[in-house]
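There are structures below to look over.
What follows is chain A paired twice: with chain B in the first complex and chain C in the second.
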Partner chain A sequence: MLTDILITTLINASVYAMLATGFSLIFGVARIINLAHTAFYMLAGYFIFSFTTVLGLGLLPAMLLSIALVVVIAVLSYRILIDPMREHEAAVLIITVALAMVFQELMLVFYGGHFRSVPQLVSGYVTVLGVRVSSQYVVTIGALVAILAAVWLVLMKTRLGLAIRATAQDREIANVMGMDVSLISTVTMAIASAQAAAAGALVAPLFILEPRMWLYPLTIVLAIVVLGGIGSLKGSIIASAIIALSETLVTFLLPSGAFLKGAFSLGVMIVVLLIRPEGLFGVSFEGER
Partner chain B sequence: MTRKRWAALILVVTLLLTTFSVTGCGKAAAPKVIKIAVAGPMQFIQGQHHWLGAQMAAEEINKAGGVTVGNKKYNIELVQVDTNELLSVDDAASAVEKAITVNKVNAIIGTIRSEASMAIQEVAMDNKTIMMVCGASLPQMAEKVGKDYNRYKYWFRVTPVNATYLVKASMLLLNHVGGVFRKELGIQKPKVAAIIEKAVAGDPLAAAAAKLIPTFGMEFVGVWRPSPTATDLTAELTAIRKAGAQIIYTYFSATAGVPYAKQWGELQIPAASVGINVEAQAKGFMQATGNKGNYEYTLNTYAPVQITPKTLPFYEEFTKRAGQFPTYNAGTYDAIYIYKEAIERAKSLDPEAVVPELEKTNYLSAAGKIVFNKNHDVTWGPGYVTALGTQWQDGKLVAVWPNGWEGITYPGTVDYKLPPWVVSQWKKK
Partner chain C sequence: MVTPPEASNLLEVRGLTVCYDTAMLLNNVSLSVGRGELVGLVGPNGAGKTTLLRTVAGLVRWEKQSKQGTRAGNITIAGEVRFDGERIDSLPPHVIARRGLVLCPERRRPFTELTVADNLMAGAYLQKDRRALRETLDMVHQMFPVLKQRARQISGTLSGGEQQMLAIGRALMTRPRLLCVDEPSTGLSPLVKKELFAKISEINRRGITVLLVEQDTALTLSVCARSYVLSHSRIVASGARQDLLADQTVHRSYLGLQSP
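This part shows the complex of A and B:
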């Protein structure tokens, strides 16, 4: 049973990490808690569905086009709605959740409440240490590693990455040093939304498309970033593993309480925060100010 | 003409035009109407089937001359009420209240989610308005009629059979698969896992599964209770496989039924899946599961078999119009006919006169013979509405049950097929 638990944890953790790191990135740089993050994930899924079934595009071009379209929507949303209000944190929270609701209602209007499915890049399953794993999950894990490596390279090895890190460290000083922090925030928004869209493109084939599909992942992503330390990419990845392990343990050890896995994971988050309020890898809120 | 005469002429013409436009003179008098509220979540398949079923019945009745009430003819006018009940229970009750108080409807048909349906039931009973459910299965709604007849007598259920009967019928499907396991694979005591969503209607099923499955000569290995809105059930399926289950008994009334079937087929979990999966009744199920839902076996209300002479014409016409198979929510079709016949027998639209006639209903519907019990619930069993077991075989939805149960086999029924990966896993054992 231990192998089953570990493999299942790895699968779920990879999906969560994909979403949580993008969320964490935009908070770290622009100090924006973007509650519409998982709505971009939903949009990517619906766009792929439309491009493949309505326009008849191949899956890979549809995925790339969808990611590009989501990035454009995210950047426009940021520039028009979020950036002007960036100093008012509560207003940004409300705007981003309203944005997500608008996307949800638009999907409901255009696609109805029907459940849709996006074709998979690969079908079938592989057996890993006696556990059956969907081939699409294997692709997702591989893509996650590649995307995270690419994001790390951009952040650590390029001038843009240096600027992003500088802005994340101290926005005011970066501004004084002549950096265009607004532009850097916009670029970061584009990277983060591309990550969400890529998650949508890779994960949507595993699940189903429906207009409320952004809600549960948002809850889990919030739990992960708070647990890992807001703004910490490393923290997000480790917290993804912790939350995924908690969920898997509930399903395996308490089958009749499987519906409690979300609540149990949030419970783990609360316990960790009581011991370490800044999260596992976050700086303390007081020290940050 | 003088200016005065011109002015007088214009005045007369204006008055005449006003008179004609107000009285509608020159047109035939508008027929009287019976207003029926079709209440359901109209953005979702459930509400759309409520509406389409009702629309078909209303069109047929109006085309055939309408409803005769005493010596007067009435047409049926449908009022679409979007209850949004899958997202908000509160929206449902207020939407129906508006239909009763503002639109002045004579009756309400539809509703799907038990929690919302109970709220609508109270609003309808407050207003002494006839309500015919075509979706919610909670037995407690019917029990209220028995406990407080004077208040709740206006309530009736047309589809589906209530949750108590759903348990019985779905257990018969499980027994059916158990029999196939014994006959084809030589496994005398198959192991059964239950996966039942955590919803009100699932609780009696979970209790019944643990209690009843061992009495069927099967081994019960556990019950998993995922959220009704779960999007990933790989952990549950991996755990079920680890438990050695050979059959999975299911109950999914909501979205989780799609990822369940998709991941069950994708991972080729070596256990036959049988029970209730509402999404597997829909035509879009194969698309939604990426064609992984083949062999899913679910309790159903309609299929291309001849339950009664009305079944196939209804099924084919509905499928043609909607591009979808009718789910049990399309029982609004029969509900409108039942209401029409009760009104005609009562020779009145007064609910106090219509209710006793509804109680006398003995109607051959597309789903079977509908007779209401003393609690105004549709009767289940041989000779009445039996429900069907349908399975996806080679991308087509076919009826596989009843197949000899109590001597009943509806024309068009085919044999149940075990998924090939289940056969290859257990044949050699």
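This part shows the complex of A and C:
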């Protein structure tokens, strides 16, 4: 059982970390709270379903194609709908939640409300530390962690990453230093949505697809971002682990009360915030200018 | 006082008027900065000095566009800004920066959570030639050795004076042709202030044209060959130190200086 708890926690933690870091990133750079963020995760799952079952593509090409398609949709949504409203925070909230609802209803129209599933990428089992684990789980965790590491490397070690970090700190000054902040925001949107889509694509073979699958992760992502401290990627990752672990513990220790996992993990968040209102790694929020 | 339009000027501002709603922040301001000059811009608090530099750097227009329709209100901008003979008043800030006009902003504004080294690299964003980048970095380190010693420190934890050096260093990393510095001496001790002014003169001697906005009128007039006095949104006087000091009205009303 311990291995199961560990594996489930690792999968959920890395999915949440992927979603939450992307959410934080686009919040930091473009100052938008994108409530449609996890809808991109949902879309990727459905696109894979279509590409594999309807078009008969292999799972890997279907995944890559889905991620690309989601990025295109996300970037277009950003440029056409979200960016023009950037200064109106309430409008951004409404527009993005509307966008998520539209995606949800479209999935309902095309696929109905049935649960769908996607074939596995790899089959069989591997033995990790003397325990048999489904290879699909291992591949999923490995890929999620690798992508997270790659995003971190891009942010910390490249010219683009520096521009993203600088823009997140002070848009005006970044602009004065010659950075095209509007382009950088768009690129950040592409990265963030690619992360969400990749998370969706990687867990599609493990989870069940349904049109409302964006809502619960969205709540959890918001909780994680607040818990970790807004703007802190490290905080998001650690908070993802905390939330995923509390969810898993509830599910395993209280099998009949698995539906309580959300309430419990959000309760953990509330308790931490009562002790540290700025979040675990909260940075004092200095206004621009 | 009317400056004849000269093609040889690096910066030429003509009839610039900026209003935030009904408040006129700049009223028909004209000024010019010749190639290689070190020009001062002084004036009391709230005169519009920062607004002038922000308009020239494209930030006011950018603010106008991005805040359109918000409660921030309407911004209107009229007049011409020419840099190196070409109009830049409709360009976005990053394009203006690419042309070589760079602002070292009021209150320094380093990227506080980035290290000193990353701040300098952010300044070098446009610099693709690695050798030139290395050279500029060496020059900045030589001019401000503390930036080298504290390369790995998070810049928000630097002292005020160090942050100012970082802000200037970061602006120099862009390899500007015109450096607009907004009140670099705020909060510095008299000694550090003197050193800073010496550095600014040195930067100018290295061939970078400088437009210097300052509160410390005496020091500014002494390092700048030519200065403008801005008061209540208008240019009220301009000229070399002796001319400005000789004019009793300017002297008393705007500069508040002791007679030399």
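The rule is short, and it goes like this: the second predicted complex is superposed on the first by the 259 of 289 C-alpha atoms of A that agree within 3 Å, B and C clash if a C-alpha of one lies under 4 Å from a C-alpha of the other, contacts with A are read in each partner's own complex, and residues count from 1 in each chain.
The rule is short, and it goes like this: a residue touches a chain if its C-beta (ideal position, glycine included) is under 8 Å from a C-beta of that chain, and two chains touch if they have at least 3 such contacts.
Keep in mind that what you see is a predicted model, and the values were worked out from it rather than measured.
In the superposed model, A:Pro205 lies in contact with chain B only, and not with chain C. When both complexes are overlaid on chain A, the residue A:Ala163 reaches chain C alone and has no touch with chain B. Number of chain A residues touched is higher for B, counting chain B against chain C. In the superposed model, A:Pro255 makes contact with chain B only, not with chain C. When the two complexes are overlaid on their common chain A, residue A:Tyr216 makes contact with chain B while staying clear of chain C. Residue overlap on chain A between its contacts with chain B in one complex and with chain C in the other: absent. Note for the complex: chain A touches chain B at residues 1, 4, 7-8, 11-12, 15, 108, 112-120, 123-125, 131-134, 136-137, 205-208, 210, 212-213, 216, 247-248, 251-252, 255-259, 261-262. Chain B meets chain A in the complex at residues 41, 43-45, 48, 86-87, 197-198, 206, 222-227, 229-232, 234-236, 238-239, 241-242, 255, 258-259, 262-263, 266-269, 279, 284, 287-290. Against chain C, the residues of chain A that register as touching in their complex are 86-88, 159, 162-163, 165-166, 169-170, 172-181, 283, 286, 289.
Here chain C touches chain A in the complex through residues 57-59, 62, 66-67, 69-70, 72, 92-94, 97-98, 102-103, 105, 109, 111-114, 118, 121-123, 125-126, 170, 174, going by the rule given at the top.
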